[in-house]
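Take this structure, written in structure tokens, and hold onto it; I'll ask about it next.
Every chain is named by a letter (A, B, C and D) in the order it is written, and numbering of its residues begins at 1.
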Amino acid sequence: MSAVRPNLCPQLSEDVVSKLRSAGVKTVVDLIKTDLEGLALETSLPYKDLVIIRRLLLAQFSTFPVNCSDFYLTTIASSSIIPTPAEKLNELLDGGLYTSEVTEIAGEISSGKTQFCLSLCVSVVMKARQNVVFIDTCGGFSADRLAEIAESLYGEEHLEHILQSVKVIEAFDIFHLMTALQTIKDKMVKKVDPFYDTLKLLVVDSITAVIYPSLGGQQMDGHGLMVQLSLKLRHLAADFSLCVLVVNNVIGDGKVSLGKTWSHVPHCRLLISHPKDQESNVRELVLIKSSRLATGGKTKIGITEKGIEDWT
Amino acid sequence: MQSQRELCSFPIAPSHKSKLTSAGFLITEDLKHLKPSELSKETGIGLEECLEILKLVCSESVDGSKRNEAPKPAVSALERLKEEQSLPPIITFSEGLDNMLGGGVPLCKITEFCGAPGVGKTQMCMQIAVDVQIPSQFGGLQGEAVYIDTEGSFIVERLVDIAKATVDHCNEMARLEGFKEGEITVESVLSGVHFYRCHDYVELLATVHLLPEFIKKHPKIKVVLVDSVAFHFRHDFDDLSLRTRLLTTMAQSFIKLATEFKIAIVLTNQMTTKFSPGEDSRLVPALGESWGHASTIRVILYWEGQKRWAWLYKSPSKKESRVPYQITMGGVRDIVTFPADNSNDQSDDEPSSKRQKVS
Amino acid sequence: MQSETGLQLLARLGSRPSIAGVLSPIFNDGPSAKDVIELFGTEGTGKSEILLNLVAGIILPKTWKSVNLNGKDASVIFIDNDYKFSILRLVTVMENRIHATLKNAPQAEENLTNDVELLIQKCLSKLSLIRCTNSSELLVTLYSLEQTLLSNPNISVIMIDSISAFYWIDKCNGGESLAAQEKNLTLISEVLSKFINSFSLIVIATKCALMKKRMREDYNLEKSASNIDRLKNDHQEFLCKAWGQLVTQRFHVEKQLASNHFKCHCIHLGSSKNADKTVIQFQITDNGIQVL
Amino acid sequence: MSSKKIRRIRSLSVDVVERLTKNNLITCKDVLSRSDLELLKLLGFGIFTIHNLRQQCSLACVPVCTTGLELLTKRKQGTGQFFQTSLHGLDHVLHGGIPMGTVTEIAGPSGCGKTQFCTMLSVQATLPGNRGGLEGKVLYMDTESAFSAERLVEIAQHKFPDLYNSEEDLCRMAENVLVDNHQTCASLIKKLESLEEEVITHRIRLVIVDSIASLVRKEFSSSAGSNLVQRTNFLSRQAALLKYIAEVFCIPVIVTNQITTRFGRQATEQDEEETTEISDGYVTVALGNTWSHNVNTRLILQYLDGEKRQVLVAKSPVAPFTAFNYTIQRDGIVQDEEGAGLYAGTDPGVQQINVRTSLPFYNT
């Protein structure tokens, strides 16, 4: 935990800190962990002060348990379901994408991953009246395709409103992405920008392009960065009841990339593929992992100028 | 619930990270208003490294990226649409290809042409390198091009042919519309193509790494062409994971270049035969599956009998479609389907008097 | 230890409500006091689902309106590092379970929906949720739990969803030395063992299979070995030694790809009983876990 | 160039270089092929020093940038940029002949004139500049031991009687053609690796590898499977070496290739009247698709009918698909007047080649 410093709490004056440091107590954890009587003897500080300091530090640095009954009430109030434009897909996902969850869509090249995200943005803005942040890491975001979907679905008059409620951030390496997520979190905590008060969907297009370069080779903090990133995404989802949609790549024979460590991250995982025997714009979606539903369900969607639609 | 950013999410050397955590520095808050000397005394890290860590973590504008520019602010899709519409694409002279790509090769995107040998990948690159310099009154960008050649298949005489054909075409159009001729000459086209010859993948990486400075020095550059990004990565590369890592890093720096300087990146890729169990062997783009995700738009050039086809295989905004094209002495041209015109195109022996399809 | 009030002494020494027999077939004679159970498995094999069903079984009262719900009426502390805890799912499991027992109980009156709602609200107050962002914060929070454990004698289980959540972050923070990497987790294990011994608590933790299976040197061993050896071989301890010594039982959960069923192998570690061969198949349905 | 030692980069500080050598990162290649995270772990510097290091290494080994104009002027001053083949139609279409500084491949069925073509080019290369020669020596790497000195002399005598009328002129010309026999791939690749000082010491102006395919097809079976990958790797390495020599010394490199039979659907609009006696398979250039990438220009020789033969420009960065008839005479390959013209070309990797299957006396 962070170092013991004078201004941490009133009793910790300058000399107290230096005495503690001389006794080898540098961080808050050291202070909490050590047996206070011995420490009092060694540093000739009054035992009573040490107990007060310990209690204050405990209060300051630990998270308080939340009682689940009121947690249940707040969750009911804040969580909602985001319907996708395809009805049959909503049935498969028991209503659509859930907030405070990380959903992942994985697919091969040109399997329609970006189309799925773009048409979801439009449906969130129009159906749920909420805003969207689209983090683009591989240059795949195309504003005129978003405009085309919006216009063909909701006509000219809503176009301006839809385009203004989708914000795009470019982040081309993992540290850029971390900074972007941090700025989003700060803006939501400080409530300085009205756009972020009604933010409901956060899309990260192609998380693989950002994580893959940092894995492998003679270094070992690639995995650490990946887990750090996954924690940030899940905290954003849970604390601000956002729906986080992450795009991942499929390589080789249907193996989702980024390995086992990443496979634990998403709550629910969709696999999108282009079945060989179908027309060129038909795609098949399979639910391959879900913490809530039975997996293995399949549905077909078609990619048209209106984005993605049910394919009968 | 501290909302500060953890130190381990910054690019700091592992040995420094362990010293920082053991000294109790975990979040950016801990390092606020701290002098390098204090940090060095407390953690035992060298003074210069402490200065760099503080510069990295504390100044809000500096983030972990290579250049110290501030992270790009969030831009609404409306501004992105205005920006996309304001950037004219690079028009080529084959109308079919332009319509397929939505007006031409778009800026701020990576366009990849995969093709079997001899199908015209190098011709396409040279054509684009010339077309980017078409004067603005003809709908061109009047920019310059960077041509990175890894295969050694760049013959400058061929570029002269294409340039001559384009210059004649522009002058012809200028005459028709009464503009001043000579706006564009073969010399101006040739001096507008900056040529790099890379003999192995390390030189390619170095060139790509230095491109931002180069483009800052030559602001008129509008397209970076890499002829056969696959050549050096396909043979004598024993460590496949290293190859994929290098390719992904290069792809990321390409897309950063494209969006930062509003230029187009055009790559060519080779094809390789894939022996998958069950189906018969077929030609697939080289460099494996993971590379496919890097390019935003992918066009596969292939042969069907005597005809060359361009197949828009992957595009964020355009539907999948195919269009025939041909390579003439003057460069890449459309195949206009009404037969009369087609036949005399073929038998015309004299290269220079080739009639161009007015685009 | 500091001076204790009488109540705290009673809480420490007094017996915590036992939860023997909850979710019976899986924990056949039920987790007994001072047990440390680890649910080990790859992604999507129902580890969190088992925890949810355990919580439902524990916080429900024994009887309600003269209907035997065979709940354990105990309190639970749920530490959710993976942010996977879905309270909606917990409530649905509890509702289905209550309605199921009510349906075949003869003397049940007709619709009790709002009563059931109140019951669930009361039960939920016995569950407290903690969410930490890194291992140091988890360590400090565990220390501050000592106070709540003393003041509330009803808590009998601490559940940790994925003790391995911060493994990679600690490994990356620790630099070269292994001791620095495992410092926090060792301290956490020590605190937990202190709680177990002094408060005779039960700790149930899930662990994700983060590592690929070890390369098996001789392939034929894998074929001939019995299930248990194969699983032992599969499980490769990557957390610190202190945690390894703490665990008394490990449940290895697997998913049958074809039939959407799950298999759960119970392995007793170090305890006198020989390696238990029980293999339980179960299925996850809307109202929780159905044992086959 | 990539193997530049770090020590030679003066702008790096001493302790950076020392820490680099401690982690045995010696050349720019070691530094540039590692990611930032790896360098952070290995060197323990701050991120900005790492960026600066990468910048310096890149500057050290980045190739020099020239514009198209400079390239053109440099090419013009050079000794002409094309090597005349004395087939005037072919030279015209190829902008002057075989392009210098690139690899040109001559493929065709056996006995169709590949070696004759190479021998004639060897003679051509030893001519003085004003006669379209290269005034230099020729390195002829022969793997099928098909090269015959008598044929070389005979062509020289009949093609350039005025130059080579006396005995010692012929001997001097013959000395300029260094013939090198190779029986195994290993010896060929070893020779290619040491080719640089060979070219410098003997002032070689033309390199010919007769039948690059024969050794490879002997040692690597072309059936699908692992050694096909090795075969492709071996061929690519050979191509890289040859390209490097051709470019650095701006000399033409000519390789010959054999033919193979491919089964499966060939081009769709194949004109019907060209019925081949063989089953539905068709004959095309050997060594497959990846090798076709490595070659810049590909000339295919094929039989037209009993006596006449045809050369096709199957792949060329400058020329369209054109075909010229030729016959083999005493003074080498001579182009026929009629019969030149465009042909509907296709993928050079699958271009159909006519082979002489029936004996000439049979179809009189």
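Throughout what follows, a contact is a pair of C-beta atoms (placed from the backbone, for glycine too) under 8 Å apart; a residue touches a chain by one contact, two chains touch by 3 or more.
Being a predicted model, the structure only gives us computed values, none of them experimental.
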Selected interface, B-D versus B-C, where C-beta contact pairs are more numerous: B-D
Gap in Å, rounded to a whole number, between the CA centres of chain C and chain B: 52
Interchain centroid distance [CA atoms averaged], chain C/chain D, Å: 69
Rounded Å distance between chain B and chain D, as computed from the means of their C-alpha atoms: 29
Intercentroid distance (Cα basis), chain D paired with chain A, Å: 54
Sequence positions of chain A contacting 2 or more other chains: 1, 28, 63, 213, 217, 219-221, 224-225, 228
Residue numbers of chain C (touch at least two other chains): 131, 133, 136, 169, 172-173
Where chain B touches two or more other chains at once, by residue number: 1, 6, 8, 10-11, 14-15, 17, 22, 26, 64, 242, 245, 249
Chains that touch, pairwise: A-B, A-C, A-D, B-C, B-D
Contact footprint of chain D on chain B as seen in their complex: 10-16, 48-49, 51-53, 55-56, 64, 66, 116-119, 122-123, 147, 151-153, 155-161, 187, 189-203, 205-207, 209-210, 214, 228, 231, 234-236, 242, 245-246, 249, 270-273, 275, 280-281, 283, 303-306, 327-329, 346-347, 349, 351
Touch list for chain A against partner chain B, complex: 1-4, 26-28, 63, 108-110, 114-115, 133-134, 137-148, 160, 162-176, 178-180, 182-183, 185-186, 189, 206, 208-210, 212-213, 215-217, 219-221, 224-225, 228-229, 232, 239, 249-252, 257, 280-281
Complex interface listing, chain C residues touching chain A: 2, 42-44, 48-49, 77-78, 82-84, 86-89, 91, 121-122, 124-125, 127-133, 136-137, 139-141, 143-145, 148, 162, 165-169, 171-173, 187, 208-212, 260, 284
Chain A-touching residues of chain B, taken from the complex the two chains share: 1, 3, 5-6, 8-11, 14, 17, 22-27, 29-30, 42, 63-65, 71-78, 80-81, 83-85, 108-110, 241-242, 244-245, 248-249, 251-253, 255-256, 258-259, 288-290, 292-294, 296, 298, 313-317, 319-320
Interfacial residue positions of chain C with respect to chain B in the complex: 131, 133-134, 136, 169, 172-177, 180
